[in-house]
Every structure is written in structure tokens, then in C-alpha cells.
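Step one of this worksheet: look at the structure below.
Going in written order, the chains are labelled A, B and C, and every chain counts its residues from 1.
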Amino acid sequence: MDIKHIVEAILFAAHRPMSCKQIQQVFPELEQPELTDIETAIEAITDDYQPRPIELKRVASGYRFQVKVEYSHWVARLFEEKPPKYSRALMETLAIIAYRQPVTRGDIEDIRGVSVSSSIIQTLLEREWIKVIGQKAVPGRPSLYGTTKQFLDYFNLSTLNELPTLAEIQQLDESITDNPTAQAHRENPETTA
Amino acid sequence: MDIKHIVEAILFAAHRPMSCKQIQQVFPELEQPELTDIETAIEAITDDYQPRPIELKRVASGYRFQVKVEYSHWVARLFEEKPPKYSRALMETLAIIAYRQPVTRGDIEDIRGVSVSSSIIQTLLEREWIKVIGQKAVPGRPSLYGTTKQFLDYFNLSTLNELPTLAEIQQLDESITDNPTAQAHRENPETTA
Amino acid sequence: MDAVTLLPTLATVNGTSVHTLPEDLYIPPDALEVLLDTFEGPLDLLLYLIRRQNMDIINIPIAQITQQYIAYIQLMGILNLDMAAEYLLMAALLAEIKSRMLLPRQVEDDIEEDPRATLIRRLQEYEAIKNAAEQIDALPRMERELFSTLVDVSALSVTQPLPELPLHDLLLAFKSVLKRVDQHSHHQITKEPLSVRERMSYILDNLKAVDSCTFPQLFSRQEGRAGVVVTFLAILELGKERLIEIIQAEPYSELRVKAA
């Protein structure tokens, strides 16, 4: 059998990058081709796949087939996972920043009565719902956080003033929702919107 | 971008069999090709890989790329673990479920003439080769078992029809005796069975 | 037969110990070693006996096969092999068929199914399944002859969708904060209009980029009176919370505002 075909089969079936030496070892002892033969085969295979959407790529530990980067956009949906849900702590933190801005992390902790993890602040910053708008003039100069335009956009508000007042929030009925998908959410925690 | 290339990239990236419908769903909503376009692409890809050591194979749950059987000798050496072996009892139980589904454990025992151990049923369920497809309307309501798509996938089949044909059960002559020579060539259309 | 002849007593048939095998009892020596392990049950053993002697299932000589089967069973007993009850049941069934066949036939009025026919059908069905199982076992299968391809996708940049956050959920979270604060807190959540808090953030954010700005620069004429009021309240609140400094270098000079 053709060495090139065997090498190609091995590269496709291996669950890890394979060096020429490792490919050689896969052959039974008495049938092992020379390393140069394997290199030649790899070159030929690399050329063969030029027009295809996958490529034989050399990485640190050897060769492996991979999907060409330009197809990311197309195959991405294969790997999309159900989006996670935000924690209660994150929602409370965000709400406090929205209503009490500008606030420091210490302020948020005072109000919530528990510490606020860095990862929550990090997530909110990455989501661009909050930003650092200054430093408080106290020892340690903690960052002051405020909400962003993206925050308003996400919640479909034109100004912060459109958020319900504290009084309105106190009246908020837990069973009434502004958003039918949010309702479905609570009725069936398994489904993700 | 060419649909064929995208379909090929999806099939390679999926790491599981993909049906035409599933492939279609991977495309962004407004760019989804027709199912017939995907079928055409799959045919073209299948042809393209004819000369190569891998093939696009149709199994029960869809299409998957796999190494051609003739290369298994080499490729098997990539894996240190020996492939799992299954006992005759398990294979016979599986065969009965495949050919006689839906069947209860009692039916399987009747055909094999011995009791079926729970561990065999358990193994088959865990491998997802069989599943409970209902309960028989008799006292005790025993589970009815049937085979799954994963069973067909594993054995490289696309439908149950591709299973080896079962030997036909010969009809019996009514007047059978203990004397084989006297019976050997007698034909009698009235049969008991 | 060597393995067999080593045994002191092969079987006890009708109270007599049998030391040599009857001529018509065919027991291949290789079968003895793995006797019960090899057979998947009484049907399998029967099939084995039939097939080894090239008999036709449809026309099994019941007398002969019964004798052989029972000899096997007895042998198993002697060898102390764990024998499933099904084997004994089959021996009983065979004996019954044999005795019924010796009786004169009751033609036509015999509505009961011929027990031999039932056995033959079961043997046929079992043999068909047994053969099919062997064929399925021989099919190319994953992990043994078939190997899926694995193409790396780690180079692909896949963006994960971000969690959704319905406004209602956000407000409910805040409501529970307010409840906790009400219950046991020295902390007051004051009831300033949100426009003031928003403006506070806006002013601070703008002061971040510059060292300082003049007081009038914070106001925008286009916003009208209401806007001016909101900005003024925001500046006062920022000053109160010591987030900004309002500086006047000398009397009557321009007021300047800078971040604290």
C-alpha cells in the first residue's frame, strides 16, 4: 500500500499532532519507511489539500489536520453552547452601579453586605455595561464605576431616568414581566433564551 | 464562499455524524442553502474523496468522514487500548433486539433458551445501542427494547435493512416422524407452525 | 477421546455406570474442556450436537439426540460444572418428546401442537439469531476497523453567545437588595432622581480625560433649565461625596472643577 495514503489515514485518525518519528512508529517494525519518505508524503498531502477547506498544519508537536481559519465563521455555530446565566450577585452588583453610580466596589459591598468578587466586576467591564469613570479620593484611590451607553442600549433605554424609580421597584410584582421570554425562563429553568 | 467547501468544513469539524438538516442549521439563518444543495455538495465531496484513504460515509444519524476499512490495520496501531470485545451472549441479545424489536427481556430469554443477565441489558443501554421504547401491556408491564441510531452508526449501517439477512425459518412438515429417510423428500403443503 | 477415557465413570445410565462411551454418542474431545462455557444454553448445545453430525434440524432423530444430550448433561454433572436449570428442563422436554413419539399416533384429532415441531422451530429461530449475531460481530465497527477522522478546530475563533439578562430580572435583583438594606442597614439608598446619578457619572467620566475644567463648561445651553438643574445637583452631590473638587484660585476668579 502507498505510504502516502497510510500516512494520511494515520494523520486523520490520530487524536493528537503526529511527528514524522511518531508516524514511523505506527508502522509495524519491519515495514517502517524512512523518515524522509514520511516527510515526502507529508509534503504531497499538504499540496493535495490546498484547494480544500482543511489543511495539514505543522504545529510544535507535529502535524495535524485542521479546519482552515477562513471557515471559522461557518462552522462556529457547531460549537456554540447554550449561553450561561448571570448570577444573582452579578445582577445585584449591576443594579447597584446603575442606581447608585458613581460607586466604588467598597460601596457595592456595603450595600450588598457581602464582598463582590473581582470576576463579577471583570465580566461587567468586558460586557461593556460598566466602566471606570474615575478614582475616589480616599486611600487606595478605588475605581469609581458607572454604567455605559451600551448598558442603556442593551436594556433599550435612552437615559437612566427611564429605569423604574426605587418606589416603583418596591411595587414590582415578581409574577409580572416586561418580557415574555424572561417569563418562560423562570417557569422552566432548563430552557435558555 | 462555495457551499461545498463549507459543508466539507462542517463535516470535518463536527466530530459526529451530521444529517443534511443538521448541516443546514449550521448556516446562519438567512444564508441557509436548500437541502438539495447540501445533498449535491455531499455527493460531490464523496466523489472527491474516492481516491483518498478516508471516505464520507452515510450512517443512520448522518454523514461522517471515516478512515477506509482497508487502512484499519495501520490505524489501529495508533491506539494502545484494544477495542472492546463483546460476549456471544451480548451479541445474541443485541441481534434478537435488532431483528425482533420491539421485544421484552422475556422474549429474548424465550429465543435464547436461557436467562438474560441484567448486566448485558445494562451494557447495551449504556452504549446507547438499545433503548426502552415502551412497555408491553401484560402484567408487570415489562420494558420493550429497540435498537438506536447509535447502534447503526457504530456498525457502519444507515438502516436496519442493511443488517445481514436472517435465515428464513423453514416451514415444518406436519407428519414428521423420527425416521429421517422416510421424510426427506416428502412435500406436504399442510404445515403446522 | 483421550480426555474422556481418563474419567473413572462417564455417566450413570439406568443405574449402571458407563465407563466407555456408547458407539453412537458423539462427544468431540475438544468440547469437554470448555463444555458449559462454550454453550450459550440448551438450544446451543442441541444445535451443536445436530450440526456436528450433519443432521437436518427439520428431521432430527429425536431418540438419538435425546440420548446424546442426556449423556452430555450427566457428564457435566460429573465434571461438577455449574449447570443452569434450563439444561435440565430441556432434558425433560426431550425425554417427553421421545416418549410421545413411541405412542401410537392419534391422527387428526390431535389439536395439540406437536412438541417436536415446537422444538424444531425454536432451534431454527435460535440458529438464525446465532448466525446473525456472528455476522453482526464480524461487521466492520467503530474502534475496531473503523476510525473517525479528527480534524482540529482549536484554531477557529468561536465566539460564545453572552448570557441574556432581562431587565425584569435585573430589577428583581435590585428589589431584593433594597429589601435587605431596609431590614438591617445603616446604609441609606437615597432617592435622588436617576438623572442626577447619571449626570454624576457623565461629569466624572469627562473629568477623567482632563486635568480640570471650568464650572460653566459642565453646563450645556441646549439642555435648557431642567438640564442645568440636573447638572447643578450632580455637581453638588459629587462635591458632597468628595468625588470632585471645586476650586477657586482667588476671589472672583473662575470656578474650576477637577476630579478628586
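Brief remarks on what is shown
One rule holds for everything that comes next: a residue touches a chain if its C-beta (ideal position, glycine included) is under 8 Å from a C-beta of that chain, and two chains touch if they have at least 3 such contacts.
Predicted model, so just to flag it, every value in this text is computed and none were measured.
Most remote chain with respect to chain A, judged by CA-atom centres, is B. Central chain (C-alpha centroid nearest the global protein C-alpha centroid): C.
Separation between the centroids of chain A and chain B, computed from CA atoms only, is 37 Å.
Chain geometry summary: the mean Cα position of chain A and that of chain C are 27 Å apart.
As a whole-number value, the distance joining the C-alpha centres of chain B and chain C reads 18 Å.
In chain A, the residues that reach two or more other chains under the touch definition are 9, 12-14, 54, 65, 67, 71, 75. Residue positions 147-151, 153, 156 of chain C each touch two or more of the other chains. By the touch criterion given at the top, residues 12-13, 15, 54, 64-67, 69, 72, 75-76, 78-79, 83-84, 86, 88-89, 91-92, 94-96, 98-99, 111-115, 153-157, 163-164, 166-170, 172-174, 176-178, 180, 183-184, 192-193 of chain B touch chain C in their complex.
Those residues of chain B that touch chain A in the complex are listed here as 1, 5-6, 8-10, 12-14, 25-28, 52-54, 65, 67-68, 70-71, 74-75, 77-78.
Listed in rising order, the residues of chain C touching chain A in the complex are 147-178, 180-181, 185, 187, 189, 191, 193-195, 197-198, 200-202, 204-205, 207-208, 238, 242-243, 245, 259-260.
Residues 40-44, 55-63, 84, 86, 90, 101, 113-114, 116-117, 120-122, 124-137, 139-151, 153, 156 of chain C are the ones that touch chain B when the two sit in their complex.
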